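Both complexes below contain subunit A, partnered by subunit B and then by subunit C.
Up next is the complex of A and B:
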């Protein structure tokens, strides 16, 4: 049944990033330097210095999310045998391949966690309490009185966890959240994600050489089990990186929430990436029909995010159980209430209205503005998830530091993506479904 | 795609295989070499045949018997009171709510197929959407029955709606049960609209072909004067897209709201935030299983194998596998978080589910919902009508048990140990549930007999020659350069 080898359609245009590399490098270097300067500048103020770990976690999770979104996108396109997306898939594969960069970017998170600046339960010296604000770490045998109210110095926690019947001190949980296990799991996830990403990237690039449609069939076959692996690892990573910032709090929905943000930020990134490539005369095959579809995906996930966020909030608000509501209460004090309200408007209402009609989705200039907005509010969402935790000084963020770290990591990230795509076609030029994608129309 | 047989609808040409996995060729969605004429004849032939197949009469008779049982049970219930059911402290929500959620869940496939799969451009949906939508509406009718009779004083059922009245009594708007009334009614209304709108062009076809005057008048009345003009089609397409966009959030909202009935409470096992998407996935899972259960015999009985092809069934089985895995993931997440939370109440509730009195129900649920769908990893099994028929019945049973497990096990052992008790349904419970199958099947069989089971106009729209660009023809690869659409895309400024 297998068809003959595929050939690249004759009308494909410029599709190599290689000539662009010097310019990308210049931009990346500039962004890195500016970002580093901003970061250092904000270090001058001691109050900012305390926040650097949590802010770094936000910036790291931001790029992690984009990468995971890309990974999901690539696996999904193969799983459903999508035709329209072939022309945009290579760049997505390049983004997903940044999973190899993640362990490096993760080092400061690991260090911060080890030193007790981030995940209190995973802090190595959690039992010394005191200086790190990690006094209520579940790993702490000193606080292991069953049902004891932890950390009297922390009013938010006192209120939330006075209920008494939950037992975060349970040895199993303490072990699960402890630093070696946390680190081990994260490294395992990075390895799995890198394995998946490099498989799809490698196969797809190899197909450019041999045009063998059987590769597509094999990728389709693997996509199904790997999707399950992705679902498990992605939600567990969400639990580990973000939910465990408060070791007492739990929500079964959290993994889905994390995933929604990942995919949303990835779609926005993909749109921006193609906009930039197009400005430089590359990948002209990606036309309004494809922007339209990417825009639809982004719109869908704006709504999906809102659906998940609303369901999680409403159920916890309605149930009104102190050990759950404390998480939201913390996001309603110290100025965070404004941010919470802002998320409803900025993360849902504005992009919903802006992306609802067909008009902006088919115009790259407008859609790219929408994507930039989505990335911005998604980052706010990450801050909202991370910073109100007691360990992160609870205060509203410092734009200077955020911008600095986002630029530094972003520079590394863009450089890595460009490197992934160097020497390969930006379009999977001999994919058997490329014709579907080129001829794609939204009716 | 070797169309070897003549396009004659009634002499059953050989069923072509269209389940191949060659990425370079999209499979045809109508087999047997049928063209426009063959499609119209094949679908209308079912309705126009002077007599339905004998099996139809047998099934219809059996359905009527069960429908009569439903009538008797409801009569008995209304005359006697809700005490005839097994609902008692602490399980005030027994079978009636289990069955309500079960039927609402079944009703999720139709609108998913017609709305969400439409937005995702899944062309294969055209072969199954009509029957699935019909099934959706009938399932929601069965579901709607339960809250109506569960309130005890059936004659006061209109209090469910916020009607102004002289007693100034209003429903409790803060209650998710109230939201349910709105969610399910909206869903029923939009699904019925969607279904009926899709039927209009096909009713006009039946009108134009009607062998008797009575049929002509009746189909003509419901065809709303459809003449198939360009303007009609234009508006039809617009309306379809808009309705699809409106129905898409409804697919998620209905079962999300149903899940709120449980998740807003504080009962361990009910109060968990993953419920909304988990319920939606489960609903789609059970809905597709029911579609497969119904369409496997129906396509054979009415000779519709060229429209509801093996590929359609295979795709549905893949969706069942996917949603089955999602449901499994949700079960796992619940267990994981129960362990992770360190909350002894949560842990107790979940361990009790798996190990205490209702452990058998829990194991049935896991077996039917998580284990059985794994059969569909194998192409041989998911393209075998017997395997899929049996597996899908298992899925239906499993999804019923899921609701039973959630509702009953959490209630039997709640916060007040003194009140803990085992739950047993009464014979009225059982016969009422059996009776709703009678209602469901009666409506479905009438639909099969009197309305076009396949969306004729939509199926015609997915014939290969309607989409020359989409790689249906394996012989013209590389000829893309000469194509109108294949030039580098222009961006509108």
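Up next is the complex of A and C:
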């Protein structure tokens, strides 16, 4: 029996992030300053200015995805009454609780949308009157590319719709995608996610004090209905944030695609988070067995992402209907074909082969390298989803701007996560399944 | 004594030996997994190869105590998967009328082609919904499914092969005590067929392993 690993709670290692806070703050401040300087270049460099809204949306969606992945992870572990994951759950709860940060980070997305830089159908001056809504948001270079080159003509779109029409034909869809509804829905989602996250976080932290196993039973009961709520809201948020960039295009699989990326990036983040914590002498309870399981999750979602991405592509390719294929056609021109092909290799083939065997999953250094790669390709995936859409941004890739916005939002995000975990244990100390988790072994 | 009588006596002795229970090994019973693991380490160090542990549930760390090497099964599965993937591609290429080796033969040597023709049923270059005769996006589902199928077969039958299954009998099943191996007792069985097995010395070793009960198995 693995009695040696069944340490009593009193013998556990350091579990408080509090002493680490000054160091975290220093790093966060540095990242924020560097990122802010890069971002501020967008006021002087035209190439930056053209891309800033779309890039902000990519960076926002990146951190939104990690948060939603964390929320899903927490609900899932309760839903299936998982034993192995108890030691990693608190950090996941802390990440999920960042849902309270999301409405703030969302403000620029809302402004960009209102001004017509992002979602054509949700722009303030989009025409929603009746069935033939011919909004001019992206077709109008003055708004789509403020100060930049005129938007290139869109042959695919022009061919598909006879040009000019950028709001959906169906009145109900036009209404659904309009700005007030878009904003209202997003705020509702933020409220729902925050409700779910704070319930699980609060219950779990309260259990550290009273050790009441009934809390675990209640959370398990709530996990089932809340999982359904999560699935619907996550899907719809994916539609609203990314799919609505082309108001005509739709794919019922898009929500699942969005979710696959969310969970994948979250697992990568969790692995990196524990690697960093352990390097600072915290959370020693998380050992190779837990890395192995987190690695398995990440590997599974690499495959799941590829499965969904391919399924979506194959159905549209096979159906060959213009209003559906236009979305992929746009990703096969202006150099995006290279990115599309590269995603197959970078987002599937490389991580698939690298994470396939047991070997790297049990070695934190290798697994962290794999996680960093996964986060990188996930961000490229988000760019691939967003940037081919707003016409102004199509031509020029500006990696420095991406880096700047990722650093700014990342600094805020890390600081918020650290704040969520300050003053509480990094391990759910009195969870009834903690012993299972500590003694966990893979076969 | 005539040779006939002698033969008869030999036959009788052989028959008696065949009918008598044959010594097949030892069965050691333990009450706790900890005792089992300790004993397993000593059996491992004594260099036995034909022996095994029997527990009612998976005991973590037991494979280390038994000195079991990592399995090669993953490699068999990888081979099965790659075979399935390739097979799926070739199958679709061929049935869609792309027969590269055959066309080459036709070009180089008409005689061979004519000789083989009756044994080479040809695929049909049949256009479906305007797609190319051969296109990877359309072929991936079949390649994927065959990868899964042959991987699963390789895992399932590879496991049987590595464990030398199916096996319908084992000496441990002659023991009445062994029934508790699925309930609350932990066993080690050492087979007499092991090259290191010696009835007296192995028995002496077994008696020193702290087993709650040592039983001689018959086959």
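Please note the rule applied: the second predicted complex is superposed on the first by the 395 of 443 C-alpha atoms of A that agree within 3 Å, B and C clash if a C-alpha of one lies under 4 Å from a C-alpha of the other, contacts with A are read in each partner's own complex, and residues count from 1 in each chain.
Basically, a residue touches a chain if its C-beta (ideal position, glycine included) is under 8 Å from a C-beta of that chain, and two chains touch if they have at least 3 such contacts.
What you are looking at is a predicted structure, and each value in this text was computed from that prediction instead of being measured.
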Contacts of A:436 with subunit B and subunit C, given as first, second, both or neither: first
Superposed model, subunit A: greater residue contact from subunit B or subunit C: B
First (subunit B), second (subunit C), both or neither touched by A:357: second
Contacts of A:216 with subunit B and subunit C, given as first, second, both or neither: first
Which of subunit B and subunit C A:172 touches, first, second, both or neither: first
Which of subunit B and subunit C A:318 touches, first, second, both or neither: both
Where subunit A meets both subunit C and subunit B, residue numbers: 1-3, 314, 318, 320, 439, 441, 443
List of subunit C residues in touch with subunit A within their complex: 33-34, 37, 58-61, 74, 129-131, 137-138, 140-141
Touching residues on subunit A, where the partner in the complex is subunit B: 1-4, 6-7, 9-11, 13, 81, 83-84, 138, 165-170, 172-173, 176, 213, 216-217, 220, 224, 228, 231-232, 235, 239, 250-256, 278, 284-291, 296, 303, 307-308, 311-312, 314-316, 318-321, 323, 362-364, 432-433, 435-436, 438-439, 441, 443
Residue numbers on subunit B that touch subunit A, as the complex places them: 20-26, 119, 121, 237, 249, 252, 256, 260, 263-266, 271-277, 325-326, 329-330, 333-334, 337, 339-345, 377, 469-471, 474, 477-478, 480-481, 483, 485-493
Subunit C partner contacts - residues on subunit A that touch it in the complex: 1-3, 310, 313-314, 317-318, 320, 357-358, 439, 441, 443
